[in-house]
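We call the chains A, B, C, D, E and F, going by the order they appear; numbering starts again at 1 in every chain.
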Amino acid sequence: MKVVVSTVVLFVLWVAITGSFDPQELSVGLITAAVISMIAPGVAGPEPKKWLQPKRYLFTFIYLFYFIYAMVKANLDVAMRVINPRLPINPGIVKVKTKLKTHAGKLALANSITLTPGTLSVDIVGQYLYIHWIDVKSPDIEAATQEIVKGFERFLEVIFE
Amino acid sequence: MVYRALGEFLILVGSLFLFLAGIGLLRMPDVYNRMQTGTKATTLGALSLIMGVGIYHPQWFFKTAIISLFILLTNPVSSHALARASHNKGIPLAEGSVLDRYAEDKERGLKEEENDS
Amino acid sequence: MILEYFMLFLLFLMLGLAIYAVETKDLLASVVAAGFVSLVASIVYLYLQAPDVAMTEAAIGAGLTTLIFIIAIRKTERYEK
Amino acid sequence: MRKWLAIIFLIVLGFFMAKITSSFPFGEEKWGVSRHYVDKGIEENRGSNLVTSIVVNYRGFDTLGEVTVLFLAATALAFLLSTCRCRRRYERREASLIVKTASETLYPLLILFGAYIFIHGHLTPGGGFQGGTVIASAVMLMLLAHFTFHPNHRALSTVEGLAGITFVLIGFAGLIWGGSFLANNIIPLGQWNRLFSAGVIPLIYVAVGFKVGSELSGLITDMIKTTKEE
Amino acid sequence: MSNLLIIVFALVSLATVMAVYRIVAGPTISDRAVGLDTATTITTAMIVLFSQIFHRAIYLDVALVYAVLAFLGVIALARYLEGGV
Amino acid sequence: MAFFVASILLILIGLYAVLVKRNIMKIVIGLSLMDTGVNVLIISLGFIRGRTAPIVNIKDLLVNTSSKVVDPLPQALVLTAIVIGVAVTAVALSIVMLMYSKKKTLEIEEYKELKW
């Protein structure tokens, strides 16, 4: 199961890289993907069944737009701070709590946090993330969670859990 | 024609964000804040520039999309690893930082909260 | 035209960082500077129409060289006396 | 004193180097033997990438020598480090969960990239050396993120030996059926700019890719794991 | 396109200068690593732009390799600081 | 022209490190800088202005190839030289590690056994 899912994923990637549907390319790509999946099926994750549910792909698609929106907003925010001669920053490291349990979900959450509004994930311990925040609005765990994590968690919960 | 105009616009925006990232690197007071601008602005800048080229030449679109996907996947990881390493190494936050929950919890020991995985 | 000026500028930076890599007392900083030199070398190969060589330099200079130097520094010492 | 002596020496040396290179005009045509490679390369080898044709076919014997140098370097390094009594004097800390997960996800993708690069060595930039390096970088990422990751040393050396033997055997096949060592007329050349083309060039480059990848992986593993437990 | 390129290259040159300033001046090794990280990302973008300037799609492969491998140097530095190597 | 000058200067900087510096790691870094310098020099010798890369995957390049591409031979030479260079650097560094484990110092002055 794991090997099959991993083969399909790697094969799709191969087609996207080569960008051609020549049967020679496709056959070689299939063999390569199968061999690599037998050695290292890590890309499929611990529960490969999740790759079969179409709902997850739909949410990934929606999430992509939300993410781009958040990222552009983050960058405009950072740009304003950088250009402003008084450098209005108020940094600190806060602690937030997440509901996500899978490793892939935590990876996606941490990466999203790093790329969006003024936040940078410093460490992750169990259910808690430590986040460097360029403009600390509240030191409280609950409030910070509401501010930083909730927006992404809505989507990532469906995609990865 | 519309594609070309859009592509050129994206290229321009991308270079502008790269430049802002440079200013951020110059002005910010400590490592963590530099990382904030250094990661976010360069990632969006590079992404926008690369996708601009991909839109300018529509037949390259897939490859540029894959390049941007990998930048999205790898750039925050390196930044996160560096932030964690700097904090563990004991590089202090800048003056005027409000709080540091991570240091507080490290003194108490992080182990007790590792309950899952 | 603008491209030639850009390459001149990059070569200038590369030489500056090479001098810095040789002169600094912190060997780790020296390794980072050498990494930048290989970065610029890769762009220079690309400008000189040698994508094969640029790819080799990118693959080697991005990770492998840095790692090898870092391991050696870890097993010996970091500061030059 | 020694510094100024060295600087004077370097200035003199630089003057002579500048004098020599100034006799080559920059950016103008100065073809030597490569004129033949460029004019006849497509016809004789059908590989789009002329650099690959030169590395693997026209100068294939050099490449064999260079691969041997690489093998010697890896062996010498393993031998040198096996006698090293480098002790560890620092506390080791695990990588964070993010880095671990990311490395597990990226490991197959990087290997796929390496394979893509050396399979398409005759069509796009890249080839065995670059692809092998990318694969070694994948192994390096795993070694950095996980302390428990041990590449199988026996498998690596088996792959390396098989790849080397393949290279030499293809060369001898050319000598027997084609007339010269590494001759590229023993299997059909195929169509220009498709994957199955250029005769034996892709086969040799795949072998080189496996060889370089396993050698560099072994080299990095030796260097990282050299420390003995206290 | 060519007028655009002048602006783009000017902005990118300034960004590179600042990254280099951070590599040379940065008080700690983390600062230098941040500078190197920025410089590698800028380089990836530059390689893609070069493929646009020279009109050859093959240069994108080089950019692909750079995008995939550029973060390894920074990870190695981070693992050194943590004591992981 | 600038490429010749820059690569020669890079070689000289590396050679300066090898000649003057007393730290063994610095000497190895100088060697790797020299390596880069030599490679850039060889590649820039093969460059021809206004030509494209020697990868003939477009129909236009098939006819009259030698007036459209740069010299591929220097590229083929440098390609392998870079990979060999990193292996050589690794061997040099392992020798450095071995020397350090014997005497606990990186100063080249301390290693007098090879002098005569």
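Rule of thumb we're sticking to: a residue touches a chain if its C-beta (ideal position, glycine included) is under 8 Å from a C-beta of that chain, and two chains touch if they have at least 3 such contacts.
What you see is a predicted model, and the numbers here were worked out from it, not measured in a lab.
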Touch-network distance, subunit A to subunit E, counted in steps: 2
Any chance you could check whether B-D or C-D wins on number of contacting C-beta pairs? C-D
Quick one: point me to the chain whose Cα centre is farthest from that of subunit C. A
Compute the distance, rounded to whole Å, between the mean C-alpha positions of subunit A and subunit D. 33
Could you put a whole-Å number on the gap between the CA centroids of subunit E and subunit F? 21
Taking each chain's centre as the mean position of its Cα atoms, how many Å separate subunit A from subunit F? 39
Chain centre separation (subunit D, subunit F; CA means) in Å: 15
By the touch definition above, subunit A meets two or more other chains at residues 13, 17, 103, 110-111, 121, 123
Multi-partner residues of subunit F (each touching 2 or more other chains): 3, 9, 16, 44, 47, 52-55, 57, 69, 75, 79, 82-83, 86, 90, 93-94, 97, 100-101
Could you tell me which residues belong to subunit C and also touch two or more other chains? 49, 51-52, 54-56, 59-60, 62-64, 67-68, 71-75
Chain-to-chain touches, reported pairwise for every pair that qualifies: A-B, A-D, B-D, B-E, C-D, C-E, C-F, D-E, D-F, E-F
Which part of subunit E faces subunit D closely enough to touch in the complex? 58-59, 61-62, 64-65, 68-69, 72, 75-76, 79, 82-85
Note which residues of subunit E are touching subunit F in the complex, please. 54, 56, 58-59
Which positions of subunit B touch subunit A when the two form their complex? 17, 20, 23-24, 27-30, 32-33, 35-37, 39-41, 43-44, 62-63, 65-66, 72-73, 75-77, 79-80, 83-84, 87, 93-94, 96-103, 105, 110, 113-117
In the complex of these two chains, what residues of subunit D are touching subunit C? 49, 51-52, 86, 90, 117, 125-127, 129-130, 133-134, 136-137, 140-141, 144, 216, 220, 223-224, 226-227
Which stretch or stretches of subunit C touch subunit E in the complex? 2-3, 5-6, 9-10, 13, 16-17, 20, 26, 28-29, 32-33, 35-36, 39, 42-43, 46-47, 49, 51, 54-55, 58-59, 62-63, 66-67, 70-71, 73-74
